[in-house]
Amino acid sequence: MKNKVFSSFDEAVADISDGASIVTECWGLTGMSQNLIAAVKEKGVKDLTLITHNFIPLVFFGEGEIANLTILLPQLKKLITPVVGLQYLGAGAFVQEYVEKGLEVELTSHGTLASRLYAGAAGLGGIYNPVGVGTILEEGKEKREIDGKEFILEKPIRPDYAFIRAHKADKMGNLIYRGVYRADQPVMAMAARTTIAEVDEVVEIGEIDPEHVVTPSVFVDRIVKVPDDAFGSTKRIKEIIGKMGENELIRSLLFR
Amino acid sequence: MKEKLDREVIAMRAAKELKYGDCVNLGIGIPNLCAHFIPEGVLFQTENGALGYGPLIREDEIENAEQYYVDAGGKFWTPVPGMSIFDIVTSFAMIRSGRLTTILGGLQVSETGDLANWSTGGGALGGTIGGGMDLAVGAKKVIITLEHTTKEGAPKILTKCTYPLTAQKCVNFVITDLAVIEVTGSGLVLKEVAPGWTADEVQALTEPRLILADDLKEIDLE
Amino acid sequence: MKNKVFSSFDEAVADISDGASIVTECWGLTGMSQNLIAAVKEKGVKDLTLITHNFIPLVFFGEGEIANLTILLPQLKKLITPVVGLQYLGAGAFVQEYVEKGLEVELTSHGTLASRLYAGAAGLGGIYNPVGVGTILEEGKEKREIDGKEFILEKPIRPDYAFIRAHKADKMGNLIYRGVYRADQPVMAMAARTTIAEVDEVVEIGEIDPEHVVTPSVFVDRIVKVPDDAFGSTKRIKEIIGKMGENELIRSLLFR
Amino acid sequence: MKEKLDREVIAMRAAKELKYGDCVNLGIGIPNLCAHFIPEGVLFQTENGALGYGPLIREDEIENAEQYYVDAGGKFWTPVPGMSIFDIVTSFAMIRSGRLTTILGGLQVSETGDLANWSTGGGALGGTIGGGMDLAVGAKKVIITLEHTTKEGAPKILTKCTYPLTAQKCVNFVITDLAVIEVTGSGLVLKEVAPGWTADEVQALTEPRLILADDLKEIDLE
């Protein structure tokens, strides 16, 4: 068996170069591959295309508490996402200065992004999508009536890399998630050419029931275990959640 | 000035559209409040991949919040037996295959059931799209909750939406602080009015002409 | 909670009428909804459209031993499948007489069928498919070059009914499969308007771990438990497999 | 007449194209035989939804056959640790995303790497398509095993296939009972010949012109 287990995040992202495209998840704190993101920040590669379901400045957290996706903003050439910022924090205003310097933002919807990633994985050339007709999403795209209904032609997404945050990997690369950490990660792993996973635990072959595998090993190229003191470790996330109650903005947003 | 319904009552009325066995995805804002009024046997769905989960974690329960169990808006919820966890491809097949009901917030609704709810303008970065467009297009029943007019008194139910659209011809029901309106092939049908309000008074605050339902009645919260 | 558990197969298919479309699985013996198929045969509805990954006369088995999909042949108006018959048994020759009487056969590939069912579930109007270019599958279809590669426009499939053979259902309708019984069944359940499952076991709510659910309850409308003496019960399949060794054709096909 | 390689030896040579860590989908016929020669650390994939499963059940082990564990051809296999079970959407994403190698049987291969392997004619019902087209189009490496000529001695490697195509320009390697040929942008490169055969003799049984590899050698089974 190929050795897929890497001992450092730096090593796992070592071959990522300028101009690469990366898909990664971010639904609030969940499923974020914080250490891979931090490693790409550190590496300083530029002109990246970033594909993500949410691109939100998590202003609630202190410096060094989390490595949020938005730290990559200065390294981006293009951003494909359904969510830039949060409405009540001024939506996409925080990326405006980068847009003026040339950042391209391609909006999409969550479901459309899921379908486009699936299309990338299944080798499709395009999909006629029912979502976005008559909206900002149809601008510049082919529109077509099929069986009496209008659709927009959307392109597949086939990223160079997927950064995955999983719960457990066995040494072959089979992954399981936990709760909504799953979300878009399985389809990201299928769509990407190279998949790198950071995981809570690396277990022996046979410890994951074959029926429960969510991402089969063939889709996973590199695995790094998240150390206890690293970003997004169970311990650190617990601490962060514990402190959420102290922040009035968080209290009002998440608990009322 | 006459009293309008408050947000809780709008939510309560919207929740009445759901019945035993329905699966529902609730948007942010008034729709979120519906959770408190939803009848037993209705399952909640969240875009990021869970169905049939339990109540949201309350402010005084933060210590029970678990990172693995949050909805698409980041709110923590409680796992319960019978729920299911799935990926986003499955989640949006669920949303787009007409298996769900959705209750969403609205900025504007048009005579033909167009919905604007993601942006008041400002271009691509003026708002966030998220999964709202998918829900509006794909759900089997789209219920929009909103206040009947802007703070300045301008109608939000319009002949044509002026804000950027979320989806065309997608709305089935509109529930406001003044009325319950059904979107039909012939136009907007006024089904219920808030206590103390007349159809004429509601019409005066609505741009397109309302068709009065044969059984037009006062909003019923029983 | 809605009562989804039906006490008979006849009751579960009662509303299926002439002209309905049904998707169901058949990979050899596995995953076949034999009792629902037998109930549709018994019911005698006609002009059906049948969508399946394999449509193969299992000539190895005796009358009454199994209820194979091909028993529905006289009731079909249209068949969409990648496999009609087996090459060494004369391929599609066995459907020829029905074709002459008006049966329409639409060929596809396994992967294309999977994508078309997904497209049905996701509400897509069509997909540009890389498979089939330059083959019999492109006949009568739009062909188009996208980014230097040719694709064929394929239509979504949105069947009226899916017949599912699962391992366990809880009373809400959450399903798990076992082994390769899974195959195309999850996407069939997502694509269909009404999904009917026959299962080895109906268990209480909470007995299926939420992380292990393969088909979430919302996709499942009706559930029937397979009795011990019914087609495809664990007991009967074991007996059939036990007898396989006695059949020289099976021995040569499956074990050499 | 000079001896050609038998089916087992073709399979053995084809198996040599696989290396540690590869995932492979084997077609029916000669490809199936490759299973006996595949190096350790190569994982098997079957279209109906399993990866990394164990050996096929042999004739004398029927009592161990389990209905839940069969490949796309209906053969029973043995579950082993590390394998994974998945649905067909995942399976064909695996196949079509270039993550697999495939070894398939062939009826004809053309100069440009077109493949015909599902039918010898007879229209839509003359053969079965299955997942072969997906594998031919989607795999990262497509290896075709076939006898170099028909029983009557006619070449199966042709300028243009005469049988209905499986896919265009999809073949990377052709392994026959006489030769190993690589399909390149400039044409068919003869890399290896069977023991006792010369390049000219192989060319005589091949329709398109073969380019001789600089390191043309005898088929190497070490």
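Note that the chains take the letters A, B, C and D in the order they are written out, and that residue 1 is the start of every chain.
We take it that a contact is a pair of C-beta atoms (placed from the backbone, for glycine too) under 8 Å apart; a residue touches a chain by one contact, two chains touch by 3 or more.
Predicted model only: the values in this text are computed from it and were never measured.
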Fill in: Neighbouring chains common to subunit A and subunit D, by label
C
Worksheet item: Pick the pair with more C-beta contacts: A-B or B-C?
Response: A-B
Fill in: Rounded Å distance, subunit B centre to subunit C centre (Cα mean)
37
Practice prompt. Indicate the whole-number Å distance between the mean C-alpha point of subunit B and the mean C-alpha point of subunit D.
Written response: 55
Practice prompt. For subunit A and subunit B, let me know how many angstrom lie between their CA-based centres, rounded off.
Written response: 28
Worksheet, complete the sentence: Where subunit A touches two or more other chains at once, the residues are 111, 114-115, 118, 122-123, 130-131, 178-179, 186, 211
Discussion item. Quick check: what residues of subunit D touch more than one other chain, meaning two or more?
Written reply: 50, 79, 85-86, 89, 92, 96, 137-138
Worksheet item: Linking chains that touch, what shape results: line, ring, star, complete or other?
Response: other
Discussion item. Output every touching chain pair, sorted by label.
Written reply: A-B, A-C, A-D, B-C, C-D
Worksheet item: Along subunit D, where are the residues that touch subunit C in the complex?
Response: 46-50, 56-59, 62-63, 65-70, 72-76, 79, 85-89, 91-92, 95-96, 114, 119, 122-134, 137-138, 164-168
Worksheet entry | subunit D-touching residues of subunit C, taken from the complex the two chains share | 27-30, 53, 82-87, 91-93, 95-96, 99, 105, 107-112, 114-115, 117-118, 130-137, 178-187, 214, 237-238, 241-242, 244-245, 251, 253-256
Worksheet item: Touching subunit C in the complex: which residues of subunit A?
Response: 111, 114-115, 118-119, 122-131, 144, 146-147, 149, 151, 155, 176-179, 211-212
Response to the item:
Touching subunit A in the complex, subunit D uses residues 20-21, 23, 41, 43, 45, 50-52, 79, 81-86, 89-90, 92-94, 96-100, 137-138
Item to complete: Would you mind writing out the residues of subunit C in touch with subunit B in their complex?
Response: 1-2, 118, 120-123, 170, 172, 174, 186, 190-191, 193, 205-206, 210-211, 213, 216-219
